[in-house]
Amino acid sequence: MDRNRTHRNRRRVLAWMHFFGLFIVMAIICIPGLWIVLNSFRPTVEIMAKPPVWVPSFTLDHYRAMFGGAGEGGVPVFHYFRNSLVVSVTSTVIAILIGMSGGYAFARYKFRFKGGIFVGLMLFRAVPGVALSLPLFIVFARVGIIDTHFGLILVYVAMNVPFTVWLTDGFFRQIPGELHEAAEIDGCTRWQAFWKVEFPVARSGVASAAIFAFLTSWNEFALASQLTRSTGSKTMPVGLLDFTAEFTINWGGMCALAVLMILPALILTFIVQKHLIAGLTFGGVKG
Amino acid sequence: MRRRLPEWFVLLLPAFIVIAAVVLIPLIFSLYSSFTPYKLTRPSTLWRWVGTYNYQKILTDANFWAAFGRTVLFLTIVLNVELLLGLGIALMVNRVTWGQRTLRTILMFPMMFSPILVGFQFKFIFNDNVGLVNNVLQSLGITDMALPWLVDGRLAMFSIVFAEVWMSTSVFAILILAGLFAMPRDPLEAAEVDGCTPWQTFRHITLPFLMPFIYIAMTIRSLDVARAYDIVQIMTGGGPARRTELLWTLMSRTGYVDARMGLANAMGYVSIILSILFTIYFFRKLSAARAEIGLEG
Amino acid sequence: MTEVSLRNVIKRYGTQQAVHGIDLEIENGEFVVLVGPSGCGKSTTLRMIAGLEAISDGEVSIGGRVVNDLPPRERNISMVFQNYALYPHMTVRENLGFSLTIAKRPEDEIVRAVDEAAGILGLDELMDRKPAALSGGQRQRVAMGRAIVRHPDVFLFDEPLSNLDAKLRSQMRVEIKKLHQKVDSTIIYVTHDQVEAMTLADRIVLMRDGRIEQVGTPLQLFEQPVNIFVAGFIGSPPMNQLAGTVEGDAISLGEVYVPIPSSVRGQLSNGQKVIFGFRADNLTPVGHGLREKGETTQLDLRVHLTEPLGTETLLFATLAGAEIQGKMLNPRPVAPGEDLTFNLMLDRCHVFDAATGNAIGRT
């Protein structure tokens, strides 16, 4: 009886610790983001107030300034948003097409040095953006594609292809080879068999690869900050710097832009979050 | 009749081309320029061959070695902390029976943040004057003076590690959680019946099963450890007085501020090799761990 | 002394109740089989005994000690799972020795215990393989070996044979029975297969929908089922069951009348709706039965299908609109459509109340 009670009590204590631990973790994860959102709605005086003001007041000034364009410093947010969108979406689509074809090759064909080529491909992804940005800057300047959408898209495609290959390879490997053979016997060409049978089955992997590619491009800074110069090609992460001056930072305005940056990523991730985990683990574990 | 290229090669060709154009050629160029005294401001210097002069120079540069050591230390600390926290969080979330989906969604939250945004966010939060942390500490009366989070060398390093851990622990947590979901229940119960305490069950059954997932997370993370550059660049810029200088900030300063491209590219190569070593290491661990739990093939 | 007793054990999942108050006393060294259709709560009951499920209400004790809140490791039990639950990253040897290693037993004792278990189950050749490299039957043996090694007070089996093919299954049945004779621990064995239950059990516990229907030896359940459900579940082929009405001293099954068996005479009222049940063994063509004398009645039936099994042939016929089965011993060829006269052994027949389903004349 006594041991029964000991175990009951221990379980109760553990349950409380569990709840408490989770609460702390979730708070630490959420508070910084919420702080940003909150401050995007507070007037600058209040943000800078000393001693701090704990009861927030509400204002849309920062958003008005941001979308008004002309406001403080006149940060051309619309242009940045459009640049980010164009660059991210285009590079994601292209990277998925190229990466999927590569992943399919690894999953379905046997060839010499396959393992070596695969690891080699992955290693290109490991090259740090900063290290790449120096020579890339010079080469792009020579070729004349610096400060263009095209240049940035090209870079992001190259950055995202290896990872896409990794994920889609894992997924195509899950699909038994008989599937496309059956489709071909049913009268499909190899091409039709791929699109009608294998692609739909691997959709989950492709979706997760796409979201990762999109997030990478959408959030990239090290390369974009060197390869873009003007309003016509700067992306939002680079645009954040517009809110900094020599010694001061316009926190409110920056928070507003940050919210604008996170929202699309947030929405997109919610839509495909189910695939996200599936993609990573299938692609990785059973690869 | 024309000989046709093998299909696999045709399928891989676009990937090869893009990567060659964007990564390989610049890398070859930078390898070459790391043997020249190239300065952006004087293009002609690109044609002067100085051999391994740049490499000798960085190898004898105390600042470089300090940054190098700090980077390795930083990565070791950050990856281990992220792993431990991620593991803990995953185990806690896995035990939740109610509202688990919501928790998982919240976990993914930091993954959507741009590293540079994380940098600004924590620069704001750790700001000694208007930052959330100091405001809270002072309002609660825990300290009456403003702690110099980003100005004091040691505190600045802590703040940067905190930001990095905040951003990347999710990767571990999510992947390990996926591993826990994929884990067969039976062996866990068998272990319980076999007399294991919860800790022994974790140690002997759960952990070996999770190893491949941990290595996937490690591999994914080691692919972009250099994202920390964005954070450090924004939060401290390598300061104060180089106390948070990492390989990447040092390189970017040498290249863009001092315009000494040749030297910077030599450093770049060291950082590339570092990243590649990390990646290869975890990639091999991943294969070994997969074989261990019989998931190979 | 390791008797196991369950007192009004209840399992609730949320608002839904899966086990509705089980009472059961299991003696030391007894082989008890929990049997019943899938989803009736057998596994849940077993897992509550193991400590893998929390007990919502009631009391479980092992060896006279209440174990309700004890974790499995403090119950000194071992369990064989349906899917074997081998540790995939350990070799067979490590799998077998794991529980002893955990208990920090001395090395030589572990080696001895593992070798002994391996010997009993014929695993010597496989000791250094991992589970992935074993066949289904071999995995099953390893799972059993792992249970033996600990010398537990109670063995728990949860459908250990259901993933094996028919031949291996009957082989393993014999091995489990041998094992019980060797270790003479208490065994609680869960299965949905009544053949396993009949062949293995000292005592069968037949469950349905989270309740116990009947507890008894295999023969008791076979010969004296307390209700239609037990009668239909135990025995193969299942007992023939025909709806009927009591009319005087006969039971009317539509156009056919059979006399009321003497065992229930006087316990039926005129016009009572009943279910009349008999096993195929007790409906045999004249000249092809075990006995022709005693309390019998004769029926003329047209056979429309036969299933020859070698020593006997199953005969399918229609009686009062329902399909029934009879059995022919010392069989001769029977052509479909042939008319035969059958002996029905009335003293082996069962009468159930149609409204409650309970057997009449047996208490």
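Chains: A, B and C, in written order; residue numbering restarts at 1 for each.
Throughout what follows, a residue touches a chain if its C-beta (ideal position, glycine included) is under 8 Å from a C-beta of that chain, and two chains touch if they have at least 3 such contacts.
Here the structure is a predicted model, which means the values were calculated and not measured.
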{"item": "Contact graph of the chains (line, ring, star, complete, other)", "value": "complete"}
{"item": "B-C compared against A-C, more contacting pairs", "value": "B-C"}
{"item": "Rounded Å distance between subunit A and subunit B, as computed from the means of their C-alpha atoms", "value": "15"}
{"item": "Subunit B and subunit C, separation of their C-alpha mean positions in angstrom", "value": "59"}
{"item": "Distance from the mean Cα position of subunit C to that of subunit A, given in whole angstrom", "value": "57"}
{"item": "Two or more partner chains touched - positions in subunit C", "value": "71"}
{"item": "For subunit A, residues that touch 2 or more chains besides their own", "value": "none"}
{"item": "Contact footprint of subunit C on subunit A as seen in their complex", "value": "1, 3-5, 7-8, 11"}
{"item": "Contacting residues of subunit B [partner subunit C, same complex]", "value": "184, 186-187, 189-197, 200, 204-205, 208-209, 292-294"}
{"item": "Subunit B-facing residues of subunit C, complex", "value": "50-52, 71-73, 77-79, 81, 83-89, 98-99, 102-103, 130-132, 146, 150, 156"}
{"item": "Of all residues in subunit C, those that touch subunit A in their complex", "value": "66-71, 74"}
{"item": "Of all residues in subunit B, those that touch subunit A in their complex", "value": "6-9, 11-12, 14-15, 18-19, 21-27, 29-30, 33, 40, 88-89, 92-93, 95-96, 103-117, 120-125, 129-130, 132, 135, 138-139, 166, 170, 174-175, 177-179, 182, 212-213, 216, 219-220, 222-227, 229-230, 248, 251-252, 255-256, 261, 264-265, 268-269, 271-272, 275-276, 278-280, 283, 286, 290, 295"}
